[in-house]
Structures are given as structure tokens and as C-alpha cells.
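Here chain A shows up in two complexes: once beside chain B, once beside chain C.
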Partner chain A sequence: MTAAMTAATAQAVVPTARALRWAPPAGVAVLLLLVVGLAGSSGRPADTVLAIAAAGTAATVVGGLHDPAAALLAPVPVSAMRRRLLRLGLLGVPALVLWWVLVSMAPMTVHAGPGPLLALAACGVAVAVWAPERVAVLLGAATPVAVLAVDRVAPAGSTVAEVLGWWLTDPWWVLGAATLVCAAGRHR
Partner chain B sequence: MSTTVPGLTSPAGRTIRRRVLPALVRTESLRLLRNPVPWLGLALSVWALWTTVPEPGEWPGSSYEGVTPTVAPLLFGISVAVATTFHRGRTEVAPAAPVQEARRALARLLAALPFLVVTAGFAALIGWREHDLGGLWLGMEPGRTTEAFHTVAELSQHVALGLVAVALGAALGRRVSRLAAVLPALFVLWFVAMTYWLFGARSVTPFSVIQVQPVPVPVGPPSTDPLSLPADWLLVGPPHTSGWDRQLVSESLAWWHDVWLLGLALLLLAVAWPSEGRRRLAAAGLVLAVLGVVGQQVVIP
Partner chain C sequence: MTTTAHSTPSPSTDSGTMLAADGITKAFGSLVAVDDVDLTLGRGIVGLLGPNGAGKTTLLRILATVLAPDRGTLSLLGMDPASPAARTEVRRRLGYLPQSPRLYGGFTPLEMVDYVAILKEHTDRAWRRREAVAVLEAVGLGDRMHKRIRTLSGGMQQRVALAAALIGSPDLLVLDEPATGLDPEQRIALRSVLAETAHRGCVVLSTHNTAEVAALCQHVLVMDAGRICWSGTPAELAGVAEGRVWESDVEEPTALRSWLTGPGTRRHVGTLPSGTTPAVPTVDDGYLLVTRLSR
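And then the complex of A and B:
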């Protein structure tokens, strides 16, 4: 059964890649490259811009889980979680490459590894897995955005800012916790 | 049994068409105002505004500069709500439907106009808050004030930004096939615009979306005696900058920036609009945008 599922997933790679909408992520990527380039030329720290880039890229990856053919594909012997993982893989690899380029372009940044990006994306996926089906992807994509938006306006040093800042200060713990939540919903 | 539908060109049909637009505006308006995202954005903006206060040792003008971008979460919320509404416009309707696409788009646009009242209200709140604080701090000795208030021209930007938020939401909502992809794009656009220090330089500020004044204008090297400069100039110098800069606050610059924003809004609306009337919107938008940029370039010393 597992071999059949793996074969079916492998066959689905090309059609899924074609079904994904690449123009919006490409637009977001170009915008982020321009802004980080501008930050580089102005010689100002780019931490805030990179935090926005992490949340925007994570939201874009989670938004890619939207599958208009989900109902049609429900009876096929490939679980919904496998189809999600396939989409995440297809969008996640370019997202990681983009993140690496942005970090290498950014002047004077404390962001280094892919931890913050992965942590925010995992939180979004966890919400998308457990939220009601009709709004699952929308709520999942909104999660990284909401975390950063509230984090940006919360007074520095407050409990809210501290908790919402875990994706930056302890990204691997956040990633681990969110992955466990996703694993618990693997049959959803 | 049969039902008789009056022809669209008949007097009865014309009456129906006249009544349909206000009815559509009412329905769309109620839907938009029930959307929680703009109100959550407003709450975040008000929270950010309230936590922006002058603090001893701050960068000269930091609190003054920090007030204007607090509107970004509200603008993001407005764009999301409008995008949701215009996204429904992607659903095919029978070509013979009694209300054509242009009128449906117009109804959605008119329904979003109450959000401009909200942005105007937020601008008024900024004014009230600044007076409540007794003014903000701007510049450093000898060119310093502790009673700086945003001018009406600067505050008017919030209404123009509200229009840009509506137009941006309309353009992305109407033209991007998946709403889940619109959300990250709007987030990145508005929160990048919020990082005002990237767009504060003299050469960049005319093209900025959220324009934050003062604009730094270099007036001399570090050895310049600041007392030799005009007494009414607000100044910033070493150790904050490498030389002496004038902190320019200009009402004319703010008004011309509003013209640029109006042009930008019309260009975005042209993207959202059905083919009929799109060219006229784009042409008007282009003229206003160019006029706004040229006006700002002329005003900046």
C-alpha cells in the first residue's frame, strides 16, 4: 500500500507543479528582493524587512496548500497529508532558496538560518490542518501574517511580544511543536 | 406559467437598473463592514499609535516619524476586506444578467468608501493624541522643538492611503485567482511600506507609499556651526548623522504626495476595472502620478 502511495505521489509531482499558481509567489519574491536590495544600498539594518520576508514567504507557502481539485482527489489512494506535503515540498524549496538569497543580501542582520521561516510556515500548516475545511488554507496563510503583525505593534518587553517572538528567539522549538501538531492531524 | 422580465432598454428595465445600484451598494457595504479584518487592523493601529510616545534619548524625531506608519495594519485590513469582495467578481455571471460587470464593480467600490471615513477618523485620532501628549519632539539643539504636531497636509495622507488600500485590494482580489495567495502579497506590500526609513531619502520619498516626514536635507559637514544656520530650521547632526541635516517638514510636499497617491489609486483601479472604462482610469492615474512626483521633486530643496 505504501509503495503504491509513493508511486502515486511521484506521478503527481508534475501535474501538481503545473496546477500551482506561481505568479503570486514570484511577485512577492521580486518585491522582497527589491526591498532588501534597497536596505542594502541604504546601509540600514534589514532585520525588520527580513522578519516581514519570513512571514510573507511562510504565508505564501501555506497559501499554496489550496487545492481546487481536493474534492475530486479525495477518493484516490493518496492521503490528504501526502498531497499537502507534496505541495509544501514544491513551494518550500524555492522559498528556502529565496530566504538564503535574502539573508546573504541583507546588511547587518541577526537572521541567519532558515529556522524563523520554517517555524512560521509550520505554524501556518498546523492551523491549516486543524481549521474547518472551508477556511483552512486561508486561516493557515493568515497565521504567520497575524503573528508578525501583532508582534510588530506589541510594546517591546511585554508578555505578548515575548510569546509572539518565540518564532525568532526559539524557532526550532516552535518548529518541533508545530510539527507535532501537524503529525497529530495526519488523518485529517 | 411564465414570468415576464422587462427588457433592459424599456422604461421599466431602466428603473430596475437605477434601483439595483443602490441596493447592491447597500448589500456589499454591509458585507464589507461585517468583515472583522479591517476592525482587527484598526485595533492594532490604535494600539501601535498609543505606544508611540517621545522618550528621552530617542533619535531626534523618532516618535514623530513613528506615528504615521501605525496606520499600516488598518490599511492591510481594508485591502483584505476589499480583495474578498472583488474576488467574488471573478465568478462568471450570465452575459445577459441585468447588471453589467462595470456596475457591479462600481457598487463594490462605492461600498468600500466608508473605509475612507475610518482612515479619516484615524487621522483625527492622531491629531487628538498628539495634542493630548502636548506635542512630539523633533530636531536637536539649536534647531529643536518639543511641540511638533503633524500638519493637516500630512494627516490628509491617511485618506489618500485609504483609497490606495481599497484600490490595491480591488486589483489583487479581481486579478489573482486564489484568495490565499492575495493575503501574503498584501501583507508584504503594506508592512514593507511601514518600514518608512527605507523610503525616507530625498530621491526615494516622492515614490514612497507611506510618506514619513521630516525629510533629511544635508546642509553642511560636521564642522558646520549650527548657530550659523537659519533659526527656524529643525536640525539633526552628529552623533546621529555624519553631517548636519535639516529636518524638512513641508505641507506642499505632503499635498503633492497626496496627488501621487491618487494617481496610484486610479492606476490600481484600472487593473481591477472591466475593460470598459479601464483606459480612461489608467490615463487619469498616470497623469496624476506623474504630476504628483514632479510636484514633490520641485518642492524638495
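And then the complex of A and C:
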């Protein structure tokens, strides 16, 4: 990466943050805080609620890749992947803070670390990178929710359930694989 | 200017080649949007005419490095955009206005143009500010540069996007229907801005407005069904209809195309009936004839 590109990316942080639509993530955060707070106050394990929260948070982060001015910005030297990473960084930090708060509100959960959230988000980003342009962000944002939904309805012990459960059982491997898929599409 | 197109002899060259395409093809599934297009363009303004679905936008997106062709080779400003490093270099010297561009409604025009300038790697803030103000003034938005974009009219938003394309004095300017939403005064202002850019670089624009082409472009490419079916100057395009356009009060079943004019007479293009006086041809007539004959 050239010095000019690094400087440009650094200078783009503030305007990119302003270009992001913060109302949907804020709405999702409030909703999740309420739901997890209620589930936590019951004193029962809140794994299902947290799984839904992970998918919801991941979907919201991936949804932040939607850029209304994408067509105008398509042929700028700062690549689409770099602009995606900028958006993900800006949304990812508050998402991780939210996740930490949610986990601390829910007693007796298996979702202790950020791994499951990062794995689901990375899968969504990988889909968004490779999906057709017009539906890329939509499909990417739907991916975490779809993974969770199919994981929940797949017959227990089946191969499908096992594979789709990797985001929970082996999140760092899933994150690594999804990152590689994203890296392979870095020029897209 | 240097301008050649598929199946058209190369005119003499008086400047360097800025854009060269050889056998460019792009398909979306079974639909071939751009079919074996050859182009060589130098400095100046080139107008791309064609009916809806002719492949103009796809061709412009390829020329703007937004889309990669499925086949063929492309050279932009002497570089091959298929290579990521060369593509980035081309993009530093490229301006692009997409069809119906969307902007950030919460930004002001100045902020929007400044943001595009940052992403074009113009990192000197003072220079960027001066340049953003200059291009916004050039497109007639000097007095609106601090208003929120969402409060501006469609034509003004189009001019903000045009200003964003112009920032950094690009050598290659690719504009997809730049005059959409502009009133006559704004169109004239646009012509001045583009004429200035064309002194130092190559401007390729698509339009449905033949009057715009006649007033602005040194060269015209007519596209139909993904192919360049005609190439020449606006005067030559009008000349295609020389002796093949006439007016009458009645329908002419032998005409290739007929339409009612403002004064109530009918204008026709096609084979002139014997004994009929031909009308003075326009770029519109030539365009209609070319697109009819290419099918």
C-alpha cells in the first residue's frame, strides 16, 4: 500500500463515519439490550437469546457495507475492499462493545468470547464480497441470520447441523476461512 | 482527436491515444451487453448515442474500470486496467459520473466532493479545499456548496456528482448521461466545463440528446445491440441522412421511420420518393437512419 493510499484511508475515517447510517445499528442495539436484559433477569441460561443477538449484531454490521454512493465511488483509487474494511472497522468496534455488554448481562452462557460474533460477521462479509453487486449487501447481511436459522432447524446430529454449528463450536476457524475467502476477493 | 471505432477506417491522428479497446465483450448471462467493440480515442469529446439497452452504460462502466470485460484488451491512458496496480494508477487520473448517481444526503456538496477527492488520494487538505470549491463553482454550485445535498434539486445533485467526477482535473472523464435533469442554462454551463476538460484529456459521454452531441462532441459513436454501428463527426452523422429525409402532410408507408413534427407536418427518413424535395438533414435524422439500418 502506498503512503498516499494510507493517508487517504486515514483521512477518510471521519467522513466515512458520517456517511454511515447509524440509526439502524442503534435501533438493533437498543432492542438487543432490552431482550438480553429481560432474559438475563430471569436467571435462566440465555444461550438462544445470545445466539440471536450474535446473528442480529453481525447482520447489522454487514448491513453497514451498504453505500448509497457506491456507484459514484466505484472507480476511485482507494479500493472497494479498503472502503469495506473502513466501514467494518467503524461499525465493528461499537458492535464488539455491545457484544461485551450483552454477554455480561446474560448469566451462564456458552457465548463468552467475541469469536461467534466475529465468525458470523466474517461469513456475511465473505458473501457480500462475492455475491452479485446489486444484492451483495442484502445477501451478506442475511447470511448470519440464515446460518443461525438453518442451524436451529436442522436435525440434531446431522452433518448440516454440525457444519452450521461451527460458528459456535469453532468460531476462530470459521473466521479464518471467511477471511481467506474475503482476501481472495480483495479486487472485487 | 484520434477516434476510430469498429468497422470504421481510422481517421488521421493529431494527438496521442488515451483510450484503446480491442474486441471488448461483456455478457450478463445470455445477454451480450457489449459485443466485440474496438475503439481508439485521443483528446476531445466523444458522444455515445444509442437506444436504451444498446450497451452504452456497460461500455462506459468498462471504460471507467468499474467492470472488467469478459474478452478483449483495454488500454486506458497507456495502461492495462486488468492489472490491479495499473488499474489504481488509471483511477488516479479518471473521473466518472454514473447514470443516476446517488450521494450522501447529509453531506454538503463541498463535503461530498472533498470525500471523493480524499478517496482519489488527494491528501493535501488546503489543495483539496481549493479544488473542491473551484469545481463546484465551475458547475454553478458556488452559492450552494454549504447546503445539505438532500435539500438540493435533482439537477443540482447531478451537478454535485459531476463536480466529484471533475475533481483533480482527470485526463479521462467518463460521463453517463451527464445532462440528465439539467435545465438549458445548466446544459450550456456543462458544455463549457467539458470543453475545458477536453483540451487536456479525453471525455466520453453517453446521451440520448442528439442536440447535445451536435453542440458538444467532436466525434460520435452510435451503439446498438452491444456494437458500435457507426462512427464519425456530428456533421457526418447528419450527412448520412442527406437526400433521405423529407416532409409531407401524409403517412409514407415506404419510410423507414416517420414522426409528427411541431408544425403538424410529418417528417420521414428512408428512400426519398421520386419527385419529392429532400429536407435539410439533422443529427436526429442521421441517428434514426443509422439505428434503423443497423438492424
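One rule holds in what follows: the second predicted complex is superposed on the first by the 187 of 188 C-alpha atoms of A that agree within 3 Å, B and C clash if a C-alpha of one lies under 4 Å from a C-alpha of the other, contacts with A are read in each partner's own complex, and residues count from 1 in each chain.
One rule holds for everything that comes next: contacts are C-beta pairs under 8 Å (C-beta built on N, C-alpha and C of every residue); 3 or more make two chains touch, one makes a residue touch a chain.
Computed from a predicted model, the values in this text were never measured in an experiment.
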item: Joint occupancy of chain A by chain B and chain C, clash or fit; value: fit
item: Touched partner set for A:Ala19, first chain B, second chain C, both or neither; value: second
item: First (chain B), second (chain C), both or neither touched by A:Val78; value: second
item: Three-chain overlay, vertex chain A: chain B-chain C angle, C-alpha, nearest 10 degrees; value: 100
item: Partner chain(s) touched by A:Ala8 [first = chain B, second = chain C, both, neither]; value: second
item: Touched partner set for A:Ala149, first chain B, second chain C, both or neither; value: first
item: Chain B versus chain C as contact partner of A:Ala69, first or second or both or neither; value: second
item: Superposed model, chain A: greater residue contact from chain B or chain C; value: B
item: Smallest separation in angstrom, by C-alpha atoms, between chain B and chain C in the superposition; value: 6
item: On chain A, the residue positions that both chain B and chain C contact, one per complex; value: none
item: Touching residues (chain side chain C, partner chain A) in the complex; value: 61, 64-66, 84, 88-89, 91-92, 94, 96-99, 101-104, 106-107, 111-112, 114-116, 118-123, 125, 161, 164-165
item: For the chain A and chain C complex, residues of the former touching the latter; value: 2, 4-5, 7-8, 11-12, 15, 18-19, 68-69, 71-79, 83, 187
item: Residues of chain A defined as touching chain B within the complex; value: 21, 23-25, 27-28, 31-32, 35, 38-39, 42, 44, 48-49, 52-53, 55-57, 59-60, 62-66, 137-138, 141-142, 145, 148-150, 152-155
item: Residues of chain B touching chain A in the complex; value: 44-45, 47-48, 51, 70, 73, 76, 176-185, 187-189, 191-192, 194-195, 197-199, 201, 204
